[in-house]
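In the two assemblies presented below, chain A is common to both, partnered first by chain B and then by chain C.
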Partner chain A sequence: MSLLTSLARLRALEEGIAQPVATVRHCHLSARPMVFVPLKLSGEAAAPLAAMLGTERERPRLLVVTQPRNRDLRFAWAAELAGVLLPYIEGFLADTETVERRNADPYERAMDAPQLIVPNQGGVAFTRLLGRSTRFRRPDGPYPVPESVPVLGRWLTYFGERAAYPGSALMLAATEELGRHWASGQSGLEDANLAALLAWITTGPSEEAEDPLVWPPAGPATDPGFDAEVLAPAIESGKPERVAEALRTQLEPTWRLMWQAIDLLAGLPEGASAAQRWEQDRGSFSGMATHLAEGAPPQARRDGAVAAAARLARMERAQAAYDVQRAYDDPLVMAEYRLTGEAFAGEVVETDPDNTEGEGRSRKLRPLVVIKTDDPVRLPPGATLGTPQRRAQGAELVSAGEGLVTVKITKGMGRGRTAAPGAVPEVGERVCYTSLTDDFQGSPQLPEAEATPWTHGGPPQDYVPDDEDAQEEWS
Partner chain B sequence: MNPPAASAGPEQDLRPEQVISDVLADLPRHRGVVVDSPPGAGKSTLVVRAAAHIAATGEPLMIVAQTNEQVDDLVTRISGKHPHLSVGRLSAGGYVPPPRMLELPGVRFGTRIQDLGDPDIVIATADKWAWIGDRVWPWAIVDEAYQMRSDKLLRIAGSFERALFVGDPGQLDPFSIVDGDRWSGLSWDPLQSAVSVLLRHNPDLPVHRLPVSWRLPASAAPVVSRAFYPFTGFRAGTSDGDRRLELATGGMGTVHDRALEEAARSGWALLELPNRHTVRTDGEAVQAVALLAARLLQRGAVASSEQGERPVTADRIAVGAAHRDQVAAIRAAGLPAEITVDTANRLQGREYDVTIVLHPLSGRRDATAFHLESGRLCVLTSRHRHACVVVARAGIAELLDAHPSAEPVQLGVPVKFPDGWEANQSVLDHLSRHRV
Partner chain C sequence: MPSERLEAGRPAPRGEAMSTQHRLDALRGTTPPRPHDARAIAALAANPGCSRRALMDGAGVDKDAAARHLGFPAPFGQSPFAITRGNVFEALVKADGCAELLRMLREALGLPVAEVAYHDVENVGAHLRHAHTRALIDRAATGGQDAGTLYDHPLLTLEIAGHTAYLEPDVVAFQLGGRFHIVEIKSFAVIDGQADPAAVAAAARQAAVYVLALRTLLEELGHDPLQVSHDVVLVCPENFANRPVATLVDVRRQLAVLRRQLTRMTSLDRLLAALPEDVTFDLRPDEDGRPTRPVAELADALRGATARYAPDCLSTCDLCFFCRDEARQEGACDLLGRQVRDELGGVASVAEALGLADGTRDPAVGQEEIARLLRNAERLRRECLT
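Showing the complex of A and B:
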């Protein structure tokens, strides 16, 4: 936890209300998100019990497995879930734009993409498990399932994996996103309780949040008291309506909280880079849809050696970009870096906009800017700098000391002999410079999977679908 | 040679010379050979020897190191020891060779293989090698292989037929800024070190161990060996009394002076500050570290060893800490610029006469996996030839007791030794005998 977050948490505790740790929203929020609250049967890894889902807050759909130990009912439930989710997902595929690429064919990118919002990380993990247990099923052979079930499995797997991808907004966990924008006065573990976290943000800590009779757990696990006293007798009674009504009482409170969380997040203005990340999400979504349409096999159970290295490289790149973009978008996030000496902010006290370097044809405009700052500057001379105020520019630290920092603008000045108006900060302007820069460095080629070297176990075996896939336990 | 008594290990009693010739003999017999080297056990010497040995066969050799400094260091050593060998130093575009290297005989620099002519040996970082695709070398030496992530090895393993992997298993494991749990348990987990992945897929490869640390004094080798290399062990190449550290001027009786005196006498000192929970950049601890360094210089320490007598100048002193902001704070406290101040990660593979260490657990309320990682403490407490002074707040023993290792156990992940918690206890136990 950073110093600033610790301070915000202490202040939240003292004032009895959560403190903002962001000034803008760092995730894209869809105009029509799919809120998805899944429940599973206690004691089972991935036995679905119910789900409440939908894109309109007044019209939640409730899907229930009235006897969760019945395998056929579970797959019937999965088919029902596919009946709601697949039309929602596929509805985004019709409207596309053509994207030109350097060194590659242009491709079609969806103008908008689906967004799944679950209550917490447990919901994400359960979605991934649901995907894992359905994507290898087949509509023929032993234990056939409806055709839509394996398709649903591949989409759920895709969303689950995307949720682990830094900066992606295709699948959000409400508690995670709220926690990124507000610091409560409770522990990180307690923040995973949606009701408790929302109480901290809106009215202050509430004991009711811990009471399963007022706020049932937001899933995927259910309250043990409910299991023993309500659910078990209802299932034993053999009356499906009774089970459905019992589960509705557990899901409806969370449903209301989910929309409250969405309203809170929607109340923040969107950060400048969120749209850029959403664009990548849209591209990824279109890629997945194309993949599926071309009949590619389901996602592998485990990443092979090459696939794992490739995914790690992509995720590290995304994480680095996400960290930098959030700091550039949000002064409150940048403040963390100012505290550690990786950034400084202050007022421009002197400029030399016409400073040049080199002679003759190689003469280049390199304006100098002197900034007065109270921040501890722990950057060495020569450090490469960027600034949120002028994102296209690059700069270099010339000297720092006694509260004055001299910066030389080295990139983005154009070819002219004098600086364009506004390109160089004016005296009196407040600016911020940081050593965080989002320079994309391509990563070197990985071998093809078939050429996996001997150090990593040699080429992997190909996946061939067989009847064994259907024998897997679904629990 | 007459080894001083130390805990027993399988290759403990072998002479280092014997181990090196075993390694060289194994090279043509196996696809890969692994050599584990404790701190200062002559890893670089081995690499230089093996490089010359392979080059003598007339077959081209590629050498992989992890950082530009390591590459430059190897180039300098190889060229110094074997000036007749031609060495090509591959680098990325922005690299500027240090002036001292430009005069080395037979060394050429370039960003492409074609620029180098056809040298006996080509050296580059793992990152650079990953961009060189279209040629296969019959031999490779991978240096600091335990600090190399296995995904880096995956990118370059197609470039060689056989390889010698050399590294220190006790130092810091490679890491990532993203959560890699999804791969834990896989034999090719990209976050594991190159050696772990190599050995999991090729369990028959021979693993040798260098048995003698030439860097660590007799006062430190048993402590470090016991805490961080509990099963393999190593001993000091020198015996008690071979290394001496003397302070030229008298002290003023302050705690800092007494800590330095204790370190000069016994090789270790623990400067204990009052128990308190602090922020990472604990002002008092930072002050103490800076004062110790300043006093060490003022008192004119002189180190005598098998290499002769020399004053402990600022460039022979290092200050180590766990976090970058601590390093920045210590630097800002006004140390001479020649004193190295850095994090454990960046002190790996370096050597000094005296080190001053801010204990990773000092002033903390919790002991996270990061702070408990045995490699971190191992790096910090094994950089010195003469003495190591540790600065810490009291209460670390109680903190450790309150935070037993409770990391979730992942299926399929080999149990890692040594356990960071136990290693911390072991070092702390030893330090407590040198408390000031």
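Showing the complex of A and C:
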């Protein structure tokens, strides 16, 4: 969190309503998202209790484990969940485009991809655990499960992993996305409560948001009072309808909040780079589907050394790109960098579009632009700059001081003897320059998994499915 | 889990501690005492600057009851499902004289099989438990022949702000190699070798309290305190089943933090001196234990002791909603979390920070830098939002 966000939180507290911290939406929002609100049994790692899910707000599906201690009922529940989620996921695979690649075979990329939206980070973690507890199951051998269950497990694992990938929109947590766009007048800890955060954004803080009787927790944990007074007696009674009805009361309010959150996010115009990130999501999704279709084994319990290093490098690059893209897409995010002196904005007061450097054949066009700014510039002469107004352009800082910054354009003004029309900003234009650039970073050289050095545990063992996986208890 | 069971009764005040003890008793009044447990001490160490909590805990005030009476009941309860699961798991680990636990200790600590014995300290009766624990540990540390290996339900003590707190570790294991190990049984799952970091951190903080208490005991008995290992044995269910798995957790860092915070904790005498003589946090329970003290009067008495609210309190302190409400009324920046507070460096109230940002308030000495930043931030927000 930056001082800018802190100030927004202070303002929110003062005004009694959340304040924007973004002017555009930084996540892609699907036209048909799958809203998924799971509940688990308290005290258990990943024992499902119920889920409300669906793509239409008027028609939520309720899936309930009416006797949470019964293992068969849990797997029946997982199969039911697969019955809803798999058709949704697989429905995106038919419509594809061919993507040409340099130095590699072209591949098919889905035109659109599924999007799972859960209430909070807890929902993401639970989805991941649910994936972990089902992906190693088998339809044959001891304790057989329906064929769809391990497939579901692998998809849920995939979505859970994607949720941790910076900028990915395949699986979103509502509180996280809302928090990225609005600052409430409460602490980040309290923002994890969906009802409370939404109240701050829409009507102002509400005491009711923290009352589990009015707004039950958005899961995956249920309210302890509900467990003791309603759920336990309902399970004891042995009447499945009673359990289902009890859980419906806990899920329905959150279901409404989820759609309210989606409406709020949909109300913001999409940021310019969101589509580019969604394209990567589509590619990743198609890759996963191909993987699955080719009969690859389920995702490992833990990454091997090489896979872990590669994943970390990918995520770091994604994080860096995501940060830069958001700043370029959104002046309010860029303002954070202006505050710290890594960016500045202002009005062009003077230009020299025909300035050149060097003589003879090495003579180069280097237009100069002088900008008047109120921002505290903390960039050294020679710093490489980019600008959201002309994304292909590269520039260099010449000098800064007394509220005036001189910038030299080095790239992206055409090949002619004079700058291409529009390439050099006009006097009076408002521009922003920053040292933040989304330069391509190569991936680190990593050995093949088979060549993992002994310092890193040697080559990982191949996964061989065995009966022990299927027997793993699910208490 | 039952290891947090509360121990009633405290030793009779001695000598110079008399007046402090007397005042603390007066602070609690007629309400039955509720002393520290390890979790409370760990939480106290997390927020050592909170005088309100130090005083209430020191006096053994039932914060939960106080919060209820004030109309700000604590937001946490434990689900019966979670309690059942925890009890079932602990029973499983301790069944048949801790047979399952021994199996794991042999694997994790390399405990020699032949030397295993099991002492359930609880059998001697509550009033003797601490003395008995002391005697057993003394014998084990001296290297007596019939010293046991596992002590179930031991009772340790620790001085907190000049006050004795009674602690119940799950199990203390003694290895003939000469090291005591604290065993902590928790019911959160370890999945593929990974557990919820927050849960592990809490368990480690709690175990550090036990290690410190046991080390203090050994020191009092004239033994080497380092006979207590800083590696505690954490026993959790593995993956999605109930099968326990033991892991050694190094709590040196938690121990260092705990020790530093405990010494830093303003002693209760000094805190008491800042309170008016006649102030009391008494709930005045009637015969049925229902509090009869007028709410406004109790709230006033509590406000006399300064709290240091932070959103982290919401998961550790019974009184959190009361203090949060107070922070709201005061318009304190603390409400927004430590990060915001630290970023505002020395600007305590919302109105003050916004005044500096708007330029309607002149910065005090030392606030020039933050005022400049806030004004700049305000200018940027305005520019981007209009």
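Just so we're on the same page, the second predicted complex is superposed on the first by the 472 of 475 C-alpha atoms of A that agree within 3 Å, B and C clash if a C-alpha of one lies under 4 Å from a C-alpha of the other, contacts with A are read in each partner's own complex, and residues count from 1 in each chain.
One rule holds for everything that comes next: a contact is a pair of C-beta atoms (placed from the backbone, for glycine too) under 8 Å apart; a residue touches a chain by one contact, two chains touch by 3 or more.
All of these numbers come straight from a predicted model, not from anything done at the bench.
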Practice task
Pick one for A:20: touches chain B only (first), chain C only (second), both, or neither.
Solution key: second
Practice task
For A:364, decide between first (touching chain B), second (touching chain C), both and neither.
Solution key: neither
Exercise for the section: State whether A:313 touches chain B only (first), chain C only (second), both chains, or neither. Expected result: first
Practice task
Could you say whether A:3 touches chain B, chain C, both of them, or neither, answering first, second, both or neither?
Solution key: both
Practice task
Would you check which partner chain A:302 touches, where first means chain B only, second means chain C only, and both and neither mean what they say?
Solution key: both
Problem - Touched chain A residues, chain B compared with chain C - result: C
Exercise for the section: Mind working out whether A:239 is in touch with chain B, chain C, both or neither, as first, second, both or neither? Expected result: neither
Problem - Partner chain(s) touched by A:190 [first = chain B, second = chain C, both, neither] - result: second
Practice task
Identify the partner contact of A:376: answer first if only chain B is touched, second if only chain C is, both if each is, neither if none is.
Solution key: both
Practice task
Give one of first, second, both or neither to describe whether A:32 is in contact with chain B, with chain C, with both, or with none.
Solution key: neither
Completion exercise
So the chain A residues that chain B and chain C both touch are 3, 302, 376
Problem - Complex interface listing, chain A residues touching chain C - result: 1, 3-4, 6-11, 13-14, 20, 23, 41-47, 68, 129, 132-133, 185-190, 210, 221-222, 224-225, 227-228, 232, 301-302, 331-332, 335, 338-339, 374-376, 472-475
Problem - Contact set on chain B toward chain A in their complex - result: 31-32, 127, 130-131, 133, 150-151, 153-155, 157-158, 176-180, 182-183, 186-191, 194, 197-198, 201-202, 279, 324-325, 328, 331-332
Fill in the blank from the handout: Given the complex, residues on chain A that touch chain B span 3, 164, 166, 302-306, 308-309, 312-313, 315-316, 319-320, 340-341, 376, 378, 444-447, 451-458
Problem - chain A contact footprint on chain C (complex, rising order) - result: 75-86, 187-189, 191-193, 237, 239-243, 311-312, 314-315, 331, 333, 335-337, 339-340, 343-344, 350-351, 353-354, 357, 373-374, 376-381, 383-385
